[in-house]
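Consider the two complexes below, in which chain A is the common component and chain B and chain C are the respective partners.
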Partner chain A sequence: MNLGTSITKKNAAFRVGAVIIGIFAFIMLPTLFKSIGSTMFLATEIFIFAIFALGFNLLLGFTGIISFGHAAWFGLSSYAAALFQRHVTPDSTLIPLLFGILFTTLIGALVGKLIIKTRGIYFAYVTIAFSQLVLFIIIRWTKLTNGENGLGGIERKPLFKFIDIVPEFNYYIFVVIVFILVFILLNIIIKSPFGRVLQAIRENRTRAIFIGYNVRSYELTSYILSVFFTSVAGVLDLFLLKYAFPESMATTMSGEVIIMTLVGGMHNLTGPVLGAIIITFLKDFISSFTDRWMIFLGGIFVLFVMVFPEGIMGFFGKWGGNNPFKSLLPKRDKESES
Partner chain B sequence: MIVLSQVINGLILGTIYILMALGLSLIRGTMGILNFAHGVLFTLGAYFTVKVAMLTNFWVGIIIGPIFVGLVGMFIQRFFMRRLQGKHELFGLLLTFGMAYIIEDIIKIIWGVGGQPFNIPPSLSGFVNLGFLIYPTYRLFILGVTTFLLLALYIFLNKTKAGLIIKAGSRDLTMVSLLGIPVQKVFTLVFGLGTMLAGIAGALAAPMWGVQPTMGNKILIPCFVVICLGGMGSLIGAVVGGLIIGVAVSLAILIQPFFSDLIIYVIMATVLLVRPRGLFGEVGEAFE
Partner chain C sequence: MSETTPKIALRSQNLKKHFGAIKAVDDVNFTLEEGTLHSIIGPNGAGKTTFFNCLTGKFPITEGKIFFEGKEIQNIPTYKLVRLGVCRSFQILNIFKKLTVVENVRIAIQARHPQRFNPFTKIDRKTSEEAEQILERIGLESFKNSVSQELSHGDQRLLEIGITIATAPKVLLLDEPAAGLSKQELQKLIPVINELRKTMSIVLIEHDIDMVLSLSDIISVMSFGKIIAEGCPEEIQNNEKVRKAYLGD
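What follows is the complex of A and B.
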């Protein structure tokens, strides 16, 4: 016991240090980016996708459910916020932002209620079909959404009188702060009793049912939370691009968020972030000289599925254990057992 | 009269869905994975057929094209999927998801992003007077070919040894392997067969829908819905579901073109609400 506590304390001190270094690194990152010929835009995008991947991974990595249509929520929140700013509150950024998140989470909750009855491959079918439905409505409802051309004319206004997110750097910092909040929040969620139940469901669903948990309602809550975080990323992306695209909800986007999680490793919070950094960078780099990004995306899929199914964090990190290839086996957090 | 002709159109669309859905169902039933590459293999079937038909003639193309697709499928199974054996089913899913991206881009790289011209032979390009309706010959040809294929598949699965092994494997794979049957070879065979069915569907649909790299994307979702409606794991369900969806889509066009795309999702939502395991799905198959 004593030993356990001291390790935890040491860990805590280590973590505080890591966080301080991390925050410092986040602020320094754009400067670093510029020095290697990249942009602040890309740096901001990386953190937006990190939020997206984290939200997605709550479902995949911590509940054991895979959605092949999460891009629908990412894109839908963009559109909801864009439409709200254009038609209701043209002078505000905060209200459309909140509206986009709220609206998407509500729709996501309704759809989740409908589809959570299904499992496994069946769930994969319906998630991809529902994402196509959302995409289809957005493309066909041309009067409202401008169809395949997307919605432009979105403006980034100061959040409050004293918080100005209009300049690129300020917006970057804003996104990073949201990212840190999301990271902390998710850390609390997965360490909470609720999060433990989710992981129990992931490891052995039947057993969780027999213990007496209402598994389906836990899964639904996890789905809704995941949609919530995804929509946060979606609205942030809108105010970065100042444009809402139908491509943001295409199957390719759903694939990208899956691969971010897969590349990084899905059994911890650092993995998806790492994956988001790598994939966003790679996409930007490859797209600069070829239109054939999809073949690279597919190639990374095949490579990681075949060779590193536990992702980079699983392969090099302590979560990998002795056998990184034995994926999705029970992985226990050592601290929590003391 | 226009309603009747739309119903026949729907049945023909339905048979294309059935070929796709049967392939998906066979693969899922035996190997337990969802083949996301099915839509792209449909496209590949169309391209192979067009290219072979250019070198030889239509008839050779429509036979050789799908066989090539089956070979591609067997290659994927043999050299990629087989190595994932014993891992969580998720990885099989992700593999085919990635494969779909790769194959679609390879098609674009080899044959370009534009469409390909594809002409049906004169003997099929006319119209037939059915007495009550004058109907394009080619569409009746599709109906004939798919009916024949379904019968052949039925006989194969129920009367031949290989077919019975496949059926048994979808019930209890462990038992089948304990009987000394090389399961991996069965998997390769099934995957080849399933992808070949997708290739045939692509080849048949090519003259109607036009041959372009993204032609497979719009068929995959209706096929998922066909399987949801018919019931996971049921081959009869795939046939009935395919016909219902095909006719529903065709009739909805009469009301409004917009509605014909929407009806697929309406049907899916209804199935999920009312009977999540589908019309012929067995309890405990994918739904408890």
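What follows is the complex of A and C.
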């Protein structure tokens, strides 16, 4: 048996089916949302948060490093893009978007280089500290950032001068396309030799060092990639809201993305997406009749940590058998035992 | 062995490792000749594992020098040391528990490949084939797709060795590979070690004295951080100092 080839063939049919159903779902989703009294806006937001959660989860679920300050990168990229559009290229969306991503990834790389030496809970503390630092710079630098009021006047200009993304549905499709690209890219990354090493580091860091890996440079690269994907979500959020808010980089936002990842399940790519869908939707739903939606979110978080520590996808995995998500889960081939 | 002076694979010179006032490794001069199996025995707490930790760069050493193939290596980080060809197994099981058996070995092989840092390629078939060859060498080929935490303790021990040799070491440091093994499982382990000694120099820390006596070319005895005796198995068996260290008088 050749590894790899036999496994891919087995799932090929399923994959094609999943892709077709997926495309239908993406197009139908906003219509479905409207029929239950929700909005296109929310549907777009869900996919933005799915990108955010996927990026965050590369670090948490696949490398085993927890950051409590990822919202800083989410918010910073939106501010970078907003400022760029206001001051440099008022006629473009694409250039500010790319600038926001590039700028944030660069700052993220510098910060990552500084903090990657710390481990575990200390790393978590340092990430909180840095996210607060970024937040307070944004709030206090009122001349540039307009402080707590945020930056308005952002416009969706046509992409490549002819693709109009002003209508909500067009922007939704644009976000979905970016989401699919991010998903595919991450799928390639986690299956590459590099991705396998990240998972080995997650499983046993010491051992990874002792078989000849420069673990710290892998961790740093994972951190930078994670910041990159987070900033992609950040700039998309800016052009959805057409406004940059300091709240987008607050600690609660960092908490939300952790909850999304944990609820969905962090050991595969489907988990964070599922988590983003559920939490974004619940947040919208609960906040429509109470301001105290954080209480409910906290309750859900505690429930999952205690009862389903592996999240929804992990739960399905445990009850394996004939569940439809099985081929999306990590494979456990029992045939060759015995 | 022959007329020419034997080549030295690994050597420590006045190696010291102190934890505060405790001299865990105290002035150890140790020489591993190429192609030999050199065992280190000694009572619990003698400093054997600490010595390994110093050799592999896990702990910074207090004093002394370590040479690998004539080069000083005491300041080289662990991961680079592994790439040079010094690799160890662990006393406490240290495998990637949630990954499959073949994946465990493949990750270790991949560490030698230039593609290891590339996030945009697939795992090439050659690496997978190499992994399967190593599984055959350690007798775990039938478990290749099992998640490694589901293996028996003895098989996990073998996998531990498999991961270590997948890095293609020239010097293999085995830290109590037989710990917790049954007689039966031991019968699986010994041929594996006998096979490996043909291609690499081995340092073995072990408590199972029968195994040590039957496998070793040379035995060093450690007690309270010092090497108190060194010689071939018969010499060690008849050494008065060794009996004292083990039996307390």
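In this section, the second predicted complex is superposed on the first by the 311 of 338 C-alpha atoms of A that agree within 3 Å, B and C clash if a C-alpha of one lies under 4 Å from a C-alpha of the other, contacts with A are read in each partner's own complex, and residues count from 1 in each chain.
Going forward, contacts are C-beta pairs under 8 Å (C-beta built on N, C-alpha and C of every residue); 3 or more make two chains touch, one makes a residue touch a chain.
All values derive from a computational prediction rather than experimental measurement.
Contact with neither chain B nor chain C is seen for A:R86 once the two complexes are overlaid on the shared chain. After overlaying the two complexes on the shared chain, residue contacts for A:K157 are found with neither chain B nor chain C. In the superposition on chain A, contact is made by A:E203 with chain C only, not with chain B.
Of the two partner chains, chain C is the only one touched by A:G212; chain B is not. After overlaying the two complexes on the shared chain, residue contacts for A:V305 are found with chain B alone; chain C is out of touch. In the superposed model, A:F194 lies in contact with chain C only, and not with chain B. Residues 66, 68, 114-115, 117-122, 124-126, 128-130, 132-133, 136, 140, 251-252, 255, 258-259, 262, 292, 294-295, 297-302, 305-306, 309, 327-328 of chain A are the ones that touch chain B when the two sit in their complex.
Touching chain C in their complex are the following residues of chain A: 2-4, 188-189, 191-197, 199-200, 203-204, 206-215, 217-218, 221, 225, 331-337.
For chain C in complex with chain A, the touching residues are 56, 58, 77-80, 82-83, 87-88, 90, 94-100, 102-103, 106-108, 110-113, 115-123, 125, 127-128, 142-147, 163-164, 166-167. Within the complex formed with chain A, the chain B residues making contact are 28, 32-34, 36, 80, 83-84, 87-91, 93-95, 97-106, 108-109, 217, 221, 224-225, 227-228, 232, 258, 261-262, 264-265, 268-269, 272-273, 276, 286-288.
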